[in-house]
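Order of writing sets the labels: A, B, C, D, E and F. Residues in every chain begin at 1.
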Amino acid sequence: MKLTIQVNEGPYQHQASDSAYHFTKAALEKGHEIFRVFFYHDGVNNGTRLTTPPQDDRNVVNRWSELSKEHDLDLVICVAAAQRRGIVDDGEAERNGKDATNIADGFRISGLGQLIEGAVQSDRLVVFGD
Amino acid sequence: MAEDIKKLMYVNRRAPYGTIYAWESLEVVLIGAAFDQDVSLAFMDDGVYQLMKGQNTEAAGMKNFSPTYSALGDYEVTKIYVEKESLEERGLTLDDLQHLVWEDEDDDWAERDSIHLVSRAELADVMAEHDMMFNF
Amino acid sequence: MSILHIVNKSPYEKNSVAMAAGYAKEGDTVLLIEDAVYAAVKAGSASAKLSGLDVSVLGSDLAARGVAEDKLADGVNVVDYAGFVDLVEAKDSVQSWL
Amino acid sequence: MSILHIVNKSPYEKNSVAMAAGYAKEGDTVLLIEDAVYAAVKAGSASAKLSGLDVSVLGSDLAARGVAEDKLADGVNVVDYAGFVDLVEAKDSVQSWL
Amino acid sequence: MAEDIKKLMYVNRRAPYGTIYAWESLEVVLIGAAFDQDVSLAFMDDGVYQLMKGQNTEAAGMKNFSPTYSALGDYEVTKIYVEKESLEERGLTLDDLQHLVWEDEDDDWAERDSIHLVSRAELADVMAEHDMMFNF
Amino acid sequence: MKLTIQVNEGPYQHQASDSAYHFTKAALEKGHEIFRVFFYHDGVNNGTRLTTPPQDDRNVVNRWSELSKEHDLDLVICVAAAQRRGIVDDGEAERNGKDATNIADGFRISGLGQLIEGAVQSDRLVVFGD
């Protein structure tokens, strides 16, 4: 089965990103294909490398980055949602005149079309949110 | 590719402005229109409030995105389902909502209603015919 | 001491309007802001939850949502942000039912 | 076509369990995750909302919240994330009642 | 300064883990204990679930912060109100919750219950005696 | 009247930050004193300078920065909440080994004690959230 996963909330405030992560991992372990993980709304906040969670807690952002590396996962952050919330890569920094970037390893910023394409190309769309 | 044509349903259950879900969901619908899929919008729960007439956000200092709904017909988004039970529970009728229409090119561009008022049971049947539900 | 109970969620989505109504005592006021303004609509089934209480509603949030003031339940006061500030001052404390 | 209805909010806080129950048809499954797991507790007043439906609940979210499996309503299935994936595959589509 | 002693109430209405409010609210209580104010905690709605016994977050991969509640007595947080109606609606009794205690130094460190089971009407009266409510 | 304001949600996703802003502005216009605005939970995300909202929408972050400048407002971001969510100033960047900062003008990062102090020192605490 080919899956697209949508994540609508950022790390820690809601369990949505945790649930999406564990689901994605379980699907990969069962041999399913993850076509894409799409981060929308506050979900874009999963893609910042600037978090420093307490040492006795899980690291939500790094977990996604590592899963991406291990399984060549496509982690896409919605550009419009990212602009509203301040998630920036080199291209966005240049386009919008920002003096810093904060995007984490393994994430890329792209358009909403990537979500639609994910739904069209996949067998299932599973959405996690508030 | 014909085999890639899917029945997509955007499920709208949130009031506008209190959260951004309604507005960012509409942004997906507009972008999605370019993909030539078979698209429906469902409005239930507080989602029916998204279609209210007369929204004026000036004093609230937010962007009024409600005029965009009336452009959906031009994007060939013509199937809009509104759940009757949700309207009634909130003391609303179709007259409280924007009148959304589309033009039928197969019938000399006759204007047709986009909104279909359906019961919960009917909307459940419609939902079951779809391949993908978008949730916000 | 009197309390200003602030609610910001729709009574059809969450239970916070009902809780605020359950905790509001004589002399308290319930202020509806953001998506809670729908609770003040007379024809809505949730308006009954607030009957008998002193209720104010934020006008700018009503207008944003397209709710005309003549649709409100009897006795509901419409305030602007200045009126919101006055309510905070008039009561002894504030409880936000988030 | 069959639907997997996912709910993640407490039935005492939000109306999403009730809505999922209203939309679930013969052949569908309601999966309770995160704070929605409380809806599966037999002694809770909300468990009635799910009666007659095919209900699964995510075990790790039950355990996190200290809900013992013997407290669940009759017929509720406890699944792990692998079982969650299987449910997604078994049904034709997924509706998340956020 | 005596005039700066206030009656502060932390109002807890959310379930743990689904959102972080319960945990970050507890962090405020712990920090606030250093301020020598008159502090109460109220648990109502899904907030009563925060006190459930036997929380085990291992499989969920989250931090189990529930043991911290039993340390509240050491922080001189000794007034914990649990709303009866919220418990009953959820099919819970006090036996489902952690047994929270504090030691009374005025009575040879006798162990006393921190939790007071109160009706909604009683808790409304208690709330009205406070100067500040913290909401999360 | 002396007020402390608490904001529990980030910009755009929830109206909380808008409501808090308009309330704060109205209180200042009436001559009340704002002792502090405390940003907690996802509220810390109001303090990033990296947002680029659409030009036809309000700029939530800049509005707070400007109000702060105009009225010498104390805008405090909770350090523990900020670490979980990736809001970083120079001090935090150095302490946690981060290669960038994103804090906006007028905001400062400090401890939860600042919220308690605000409540103790003020006549009213008004909380805005989800």
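Heads up, the rule we're going with is that contacts are C-beta pairs under 8 Å (C-beta built on N, C-alpha and C of every residue); 3 or more make two chains touch, one makes a residue touch a chain.
This one's a predicted model, so the numbers in the text were calculated from it and none came from an experiment.
Between chain D and chain E, the least number of touch steps comes to 1.
Common neighbours of chain C and chain F, listed by label, are B, E.
Chain centre most remote from that of chain C: A (centre = mean of CA atoms).
Of the two chain pairs examined here, E-F and A-E, it is E-F that is joined by more C-beta pairs in contact. Between the CA-based centres of chain A and chain C the separation comes to 37 Å, rounded to the whole angstrom.
Chain D has its Cα centroid 27 Å from the Cα centroid of chain B. Of all residues in chain F, those touching 2 or more other chains are 8, 12-13, 15, 22, 41, 54, 80, 84, 124-125, 127, 129-130, listed in ascending order. Multi-chain contact residues of chain C, defined as those touching 2 or more other chains: 8, 12-13, 15, 34-35, 60, 80, 93-94, 96, 98.
Residue positions of chain B touching 2 or more other chains, listed in rising order: 17-20, 45, 60-62, 132-133, 135-136. Taken as a contact graph, the chains fit none of the simple arrangements: neither line, ring, star nor complete graph. Two chains count as a pair here when they touch; such pairs are A-B, A-D, A-E, A-F, B-C, B-D, B-F, C-D, C-E, C-F, D-E, E-F. Across the complex, chain A meets chain E through its residues 12-15, 18, 22, 54, 56-58. By the touch rule above, chain C contacts chain B in their complex via residues 8-10, 12-13, 34-35, 38, 41-47, 59-61, 63-68, 80.
Partner chain C is touched in their complex by these residues of chain D: 12-15.
Per the touch definition, chain C reaches chain E in the complex via residues 1-3, 15, 19, 22-25, 92-98.
By the touch criterion stated above, chain C contacts chain F in their complex at residues 6, 8, 33-35, 60, 80-82, 84-86, 88-89, 93-94, 96, 98.
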